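Chain lettering (A, B, C, D, E and F) follows the sequence in which the chains are written, and residue indices restart at 1 in each chain.
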Amino acid sequence: MSLVLLIFLPIIAAFFIPLLYKKLGQIHTGWFVLLLPAALFIYYSTLLPSIADGGSRISELQWIPSLDIAFIAYIDGLSLLFSLLITGIGALVVLYSIFYLDKHREQLHNFYVYLLMFMTAMLGVVQSDHLISLYLFWELTSISSFLLIGYWYTRDRSRFGALKSMMITVFGGLMMLGGFVLLGIMGGTYSIRELIAQAPELAGHDFFVWALILILLGAFTKSAQFPFYIWLPDAMEAPTPVSAYLHSATMVKAGLYLVARFTPIFAVSSTWVWLVTGIGLFTMVWASFWALKQKDLKGILAYSTVSQLGLIMSLLGASAAAFHVEDVIGTYFVYAGFAAIFHLINHAVFKGSLFMVAGIIDHETGTRDIRKLGGLMSLMPISFTIAMIGAFSMAGLPPFGGFLSKEMFLTAMVTLTDFNLFQFDTWGILFPVIAWIGSVFTFIYSFYFVFHTFAGKHKPEELPKKAHEAPIGMLLSPAFLAILVLIIFIIPNVVGDWLVKPAVAAIQPFIYSSPQEVPVNVGYWHGANTEFFMTLGIFAVGFLMFWTLRKWQKSYDLYPDGLTLNRLYDNLMFLSDAGANRFSRLYMTGFMRSYLVYMFSFVVIIVLGTFVLNDAFAIDMNNLAPVGLYEIVIMLVLVGSTLTILFSKSRLTAIIALGAVGYTVALFFVIFRAPDLALTQLVIETISVALFLLAFYYLPQISRKEERMRFRLGNAVIALGVGVTMTLVALAAHSGKAIPSISEFYKETVYTEAGGGNIVNVILVDYRGFDTLFEIAVLGIAGIGIITLIKLRLTKKEGQHENK
Amino acid sequence: MKTNDVMLKTATKVVTFIILMFAVHIFFAGHYTPGGGFIGGLLTTSAIVLLMLAFGIDTVKKILPINYVVLSAVGLLIAIATASASIVFDVPFFTHAYDYFDLPLFGETSLHSALLFDVGVYLVVVGVTMTIIQTIGEDE
Amino acid sequence: MTTIVNILIIVLISTGVLFSAVTALGLVRLPDVYTRTHAASKSSTLGVLAILFGTFLHFWLVEGIFNTQMVIAIVFLFITAPVGGHLIGRAAYISGIKVADETVRDDLGPAVKKKKKRFASKKPADE
Amino acid sequence: MEIIMSVVIGFLFMAAVYLMLSKSLIRIIIGTGLLSHGAHLLLLTMGGLGGSAPPVVAEGVAVSDYADPLPQALILTAIVISFAVTSFFLVVAYRAYQELGTDNMELLKGTEDHE
Amino acid sequence: MMMFYWIALAIVSLAFAGLLFRLIKGPTVADRVVALDAIGISLVSIVALLSLISETEFFLEIILLLSILSFIGTAAFAKFIERGEIFDRDDNR
Amino acid sequence: MSNLLLFPILIPLIVATVLMLFPNKIKMQRMIALIGTIATLAASFFLIYKVFNDGIQVVTLGSWPAPFGISMVSDLFSALLVATTSLIVLFVILYSFPTIGLKREQSFYYPAVLFLMTGVNGAFTTGDIFNLFVFVEVLLMASYMLISHGGQRQQLRESIKYLLVNIISSALFVASVALLYSVTGTLNMADLAVKIPQIEDTGLLTVIAVMFLVVFGFKAAIFPLYFWLPGSYHAPPMPILALFGALLTKVGVYAIMRTYTLFFTMNIGFTHELLAIIAILTILAGCVGALAYFDVKKIIIYNIIIAVGVILFGVSQMNEAGVTGSILYLIHDMMIKAALFFLVGIVAVIFGTSNLRQMGGLMKTYPLLGWTYLVAAFGIAGIPPLSGFPGKLLIVQGGFEGPQFWGSIVILATSLIVLLSAVRIFIYAFWGEPVETKPLKKSAYRAMLIPSIILVAITVVFGVGAELFMPFIMDATEVLLNPSLYIEAVLKE
């Protein structure tokens, strides 16, 4: 079975959803949808044994072979892990949504179509070996996320959040595309595997750092790293199943996946290590700090997600640093990669369950505002248990899965300083410190989430609904995940061998050639080392601060609103419409003269500039036709009549003077031996003058009093510029005659081959008769155009766009 | 106010005739001496304009009940048809044919398909310029 | 033969040029539009006819080209030039351009006034 | 002669641009007329002004003596086209004056939001 | 002989300039039209002299054309001055 | 069949002329116009087939040898554009039936559209620089007529500006042709390509090249010559706007692409860098406008300007990726712009306004319209696998490979703004609280929607099935990058 087709399976299935919804409306559509991720999950599970042995699967579907663009599905340890997460959690989320979303009130078909679209997108991202198809799926995740966040599109917040998330993630995606293209140019291929194979050569390329930064921008925006995380809290406007799925377990992990996938290519660069580790850690501490300001349950979870993503990101950075360490096996360094993946799994599991609980609370009490909640422990005991398991795992407490990965995280951060790499010996000390602070806050917000909701005093009067435990169906999925948290703690090495190690081997191929070589064995006790005391410190300080939370939580309000990144985004958006509008109005005045001023100035500047820069000036005094006195006189007449136009105040005078100019031009034609032109010019000039008179009978006299001196002076300067430019160019062009004209041919053949005597006329009707044909077409159009103008006068109402 | 231009009207009668003769002459002469369809057409127009000047637009319309749009369309079609004849013979578009004939009375004369094309040009020019002048003249 | 012809041409063209110069002088110097019309239509017509005739003779007798168009042009100008002058003069008068102060007689004035009055009184009936 | 003509052409372009920058619509249209005169003369000048005979086949004229016929044919085409355009422009201006009651370009701005 | 044509041309051109002065100066529209009429006619002379000088008969068409146009132009202007419109219409006026 | 390549020009010309004969018979007008357009489309497809199989088609009119007669040249680039044009005109005509209004239909509307098509197809096909001018005038004259068609106040006001700008550019066009003729003594493009390299002093030619850039730039609406466009395009009714938006600026773009690849290649370091800078500025200027206005028409109109910049940037790089990308993007943009204007036109009819702030909630009542619009919006932003993507990808690649690295980054970043502007319409018009709408007859709605959907579907096929078109596009690129093919085809005797 082709793996590529499997990727597309959900989106193909999505086409049938509206049909099912219509035909079998009495059954919740979710039940049909559920089959798909479940089946996929089972299928991908069957691949586990071979992948865990270090095998891989590949399948290819051509898209645009001419441009070397194809869909290549490549499954190795990393891809498979993500695929399992996507389909597994996807199945649970669909199950949850069946009870969460009412089949009568909601437009379920839309919801499931988006969800399936997203599933395809996500599978595509993690399985694509081809950069371009990776980008394709990447954008598809942004789009489906946009649609899902905007699912309740009549709400302002939903639309705002949808747009915000799309803007930021698509921006990252576009930058990432730039990076991909650069990689493609450098390596001559878009295949990730082939790029990894030639990673050492790439490092020397000029574009290398550019590609690195651009790709990281993609990863950071998607994974909500500082300073791009701001879209994630607003994305919580989506229905909760979506938040659980997209904004905690899968989509935001796409950025992590990307960093992990590209580690083999970019690990060479210290920039990569610094950026990924640094931004990751900073994000972790920053978001965990701000999580405590949140009042919305999902808001807290959103910030916690950001923080956890930062944690994993920093671990990935550290695992890239391993590239620079000799004999890495045997050092603690190997923990970084393992911890990253391990924590990623843990996070997906516990955060999924927490979101679902948050959704249950919302569903059953009608609010997510933590200030109104409290004391639900006795009313919703099962939910409480699930929430507690998830939160403790997040806080890093034993006996939950999170504890294990958290420990390894601290180990990795502490050991980073052991190596003399990239000045880690001087600045590196910051890493464990920041990590520690972040962990303390993580501890606090985990408790904050659980205990401020379930413990304390119950305030039924503030709740829109009477609180009670959720139906069993809705509890099914979170309970399953909570149990999984426990299981992971019990059998960490099984998880490690089957899931984590293959993935680690894919991230660090420069160390391991097969998953079995990953020398990590997860233990519960490492002895009383630095990490141990750090953990104890976290618990102690964290508990103390949580106890006093109500006292110092208010101090968050002191932080000025104007300095937040959210405000920055709002300002940017404001700038993009109102600001752009104001800016645009500065020059889009609607006044033709200003436009002409810009245009003519541009023409003068650019043509004269080119003229000067390319040294094009020339005057050739040879080959000139003789100057007769007579020509001078006519020229003076021409100039005189033109000046008359310029200074006349009467419109009739101006028209007559224009006629005079036309006639002198005709006289020039006579002098320069162009009888046909002279004839035509004369008649046309006469008719034009007549038309001027006809059309302008009703027009008022030219009044010039409103044209101020400055106005006129400005015009004169520009006009002079155009005149000078034309003169200079004409002089140079005349002097630059380099090649004899083709018109010799006409002179020689006109009588013998074209059977005519008047060369101009023969050119017009024969040699270049095609011109003439369309020239009379122009005349014809002008004719019908003028008739239409005069005869067809629609009122405003008739001009509306519809036939009555 | 209405004035009657006896002088103008009388002169016009003679002059229009002269102009039309001249127009026809210049049209036919075009291939060998200055002139051609354009100028011929424009001169014809001026003759008609002169008539309008002298006798008023409605009178002229009665004398020459021509739909000028149709006239220009016909002219355009003639021009296209002349040029397109070559498509039938599968030679490049616009290939003209001509030959010298010994006609009685005229002596050696060349018959040229370009002349037919020029007829098209002539008609279009007359049609369009008259369309323009008439529609504007008729309007308010 | 050629000499005689040339002399004839010179005489004709000289006359024409002279008249043209007079026309210009008249147009520049004369006081009002009516007198200027006078100069323009009479002398310039004569001037141009002479020049054209000279040119015609040159082409006919010296170069051997009998150009009918020249003949037609001469006839044409002969007919139209005075009509043009007349039209302008009349138009100027009717549109109300004042005659020069030196003018002693104005016969057309009362007639025009009368006609205008009639027109003005008739106008409302039309609408 | 070509040098002088170049100057004249520049002058025509200058006058045309000056007129087109003014506010009165009729001056603008006149400006476009001057502009096309300038362009046509430029075309003529660029063909060379040297020919001593019009490009009409005549006995006893050497081929090199004919003025360059090609620019003349091009100008003829251009003249007719600019005539068509100018007359259309005139009518548009005429109608615009009828509908909008002004020929002042400043009053013909139109708001950017469009009514 | 050529010399003579040139001199003649010079004088006519001078006259032409004089007419132009009137065209520019005005003061009334009618003055300008008179000047224009005269200019048209002196243009005819100029073209005639020019074709004598350049010894081709191909400009002779222009002479007739110019006379035609100058007549039509004059007539049109005259009507314009007189009535403010060029073509008479049977109805409403 | 040596004259085959003229059919897409002659058929609409003849049909338009015939339609001039009986303006009042609407049924006949519609039918003949439709048949004529379909015939043109068929001819242009056949032309592509012929060019693809037999190489560049050339006919030098009047059986004269090449530089002396006018050569019409159909390589794949021009044949593809001709076909796209014919396709768009077909859809515009279909879309016009329910929207344009009976009075307009009686006033030479269809002839004008067909004349416009004649001009555009001719401009794409001609191999002679002055003939290009003539065809440009044909299409301009038709566009003058269409922009003022109906004579409403705004139309008249904007027509004046439109006319003025184009008259200026036409005069400059003639002037530039004059200068070029003076230097090279020829007008035939292939001949120019032969003669220009023979001239040692490139300074003057560079100036002329820049002048041509300005001339075509007026038409293509490059920075800072685009000012006339937003106002003018806002005035006419939607089908005309779609026609303009899809075709007119593209003629300028085509002309720049043709001249700058075929013969103005003597000083690439200067001219093409200038072109790249201008292209980027054009994109930025377009972006400001696209964001600045809450008017559905305006937003799409400014997107035209952005697209022009993107295409020209690709050409300025003069490498295979860049030029291929430009061709792809050009064709994509023509179709997607027409489609977007159609869709936006329906929205405007439903709400009775084009002001975005007075819209909302259309998703509930017109879901199909909403989805179609969204697909088109993503298409314009270059989201894969829709039609804008392959072109944009290649242009970006071309930029990275070429001298203007930063340009590609700008193009990528501005894609976001394009997306924002297009999605903004979706969010405001289709999402949000429903507002009151104008009653719209179901049949009329369907008559408007169906052509729009089909056109959007075609763009989707163009993107997803890009491989189907790639052989043609590659061939087109090859001719552009390798002018000797073009020259040999034209001057083969």
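Methods note: a contact is a pair of C-beta atoms (placed from the backbone, for glycine too) under 8 Å apart; a residue touches a chain by one contact, two chains touch by 3 or more.
Computed from a predicted model, the values in this text were never measured in an experiment.
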| item | value |
| --- | --- |
| Touching chain C and also chain E, the following chains | B |
| Contacts common to chain B and chain D (chain labels) | A, E, F |
| Farthest chain (mean CA position) relative to chain D | A |
| Centre-most chain [mean C-alpha coordinates] | F |
| Interchain centroid distance [CA atoms averaged], chain A/chain E, Å | 70 |
| Between chain D and chain E, centroid-to-centroid distance (C-alpha), Å | 21 |
| Separation of chain A from chain D, taking each centre as the mean of its C-alpha atoms, in whole Å | 49 |
| In chain F, residues with contacts to at least two other chains | 13, 17, 20, 61-62, 69, 72, 130, 134, 137, 141, 144-145, 148, 151-153, 160, 164, 168, 172, 175, 178-179, 181-182, 187, 231, 293 |
| Multi-partner residues of chain B (each touching 2 or more other chains) | 1-3, 8, 15, 18, 22, 26, 32-35, 38-39, 43, 46, 49, 69, 72-73, 76, 80, 93-94, 96, 128, 132, 136-138 |
| Numbers and ranges of chain D residues touching at least 2 other chains | 16, 20, 25, 38, 40, 42, 45-47, 52-54, 56-57, 70, 74, 76-77, 80-81, 84-85, 87-88, 91-95, 98, 105, 108, 110, 112 |
| Inter-chain touch pairs (all) | A-B, A-D, A-E, A-F, B-C, B-D, B-E, B-F, C-E, D-E, D-F |
| Residues of chain C that touch chain E when the two form their complex | 6, 10, 13-14, 16-17, 20-21, 23-25, 27-28, 33, 36-37, 40-41, 44-45, 47-48, 51-52, 54-55, 58-59, 63, 65, 67, 69-70, 72-73, 76-77, 80-81, 83-85, 87-88, 90-92, 94-95, 97, 126 |
| Residue numbers on chain B that touch chain A, as the complex places them | 26, 30-39, 42-43, 45-46, 49, 68-69, 72-73, 75-76, 79-80, 83, 93-94, 96, 98-100, 110, 112, 114, 117-118, 120-121, 124-125, 127-129, 131-133, 135-139 |
| Complex contact set, residues of chain E against chain B | 58-59, 61, 64-65, 68-69, 71-72, 75-76, 79, 82-83, 86-91, 93 |
| Chain A to chain B touching residues, read off their complex | 675-676, 679-680, 683-684, 686-687, 690-691, 694-695, 754-758, 760-762, 764-766, 769-770, 772-773, 776-777, 779-780, 782-784, 786-787, 790-791 |
| Partner chain D, residues of chain B touching it in the complex | 32-34, 38, 128, 132, 136, 140 |
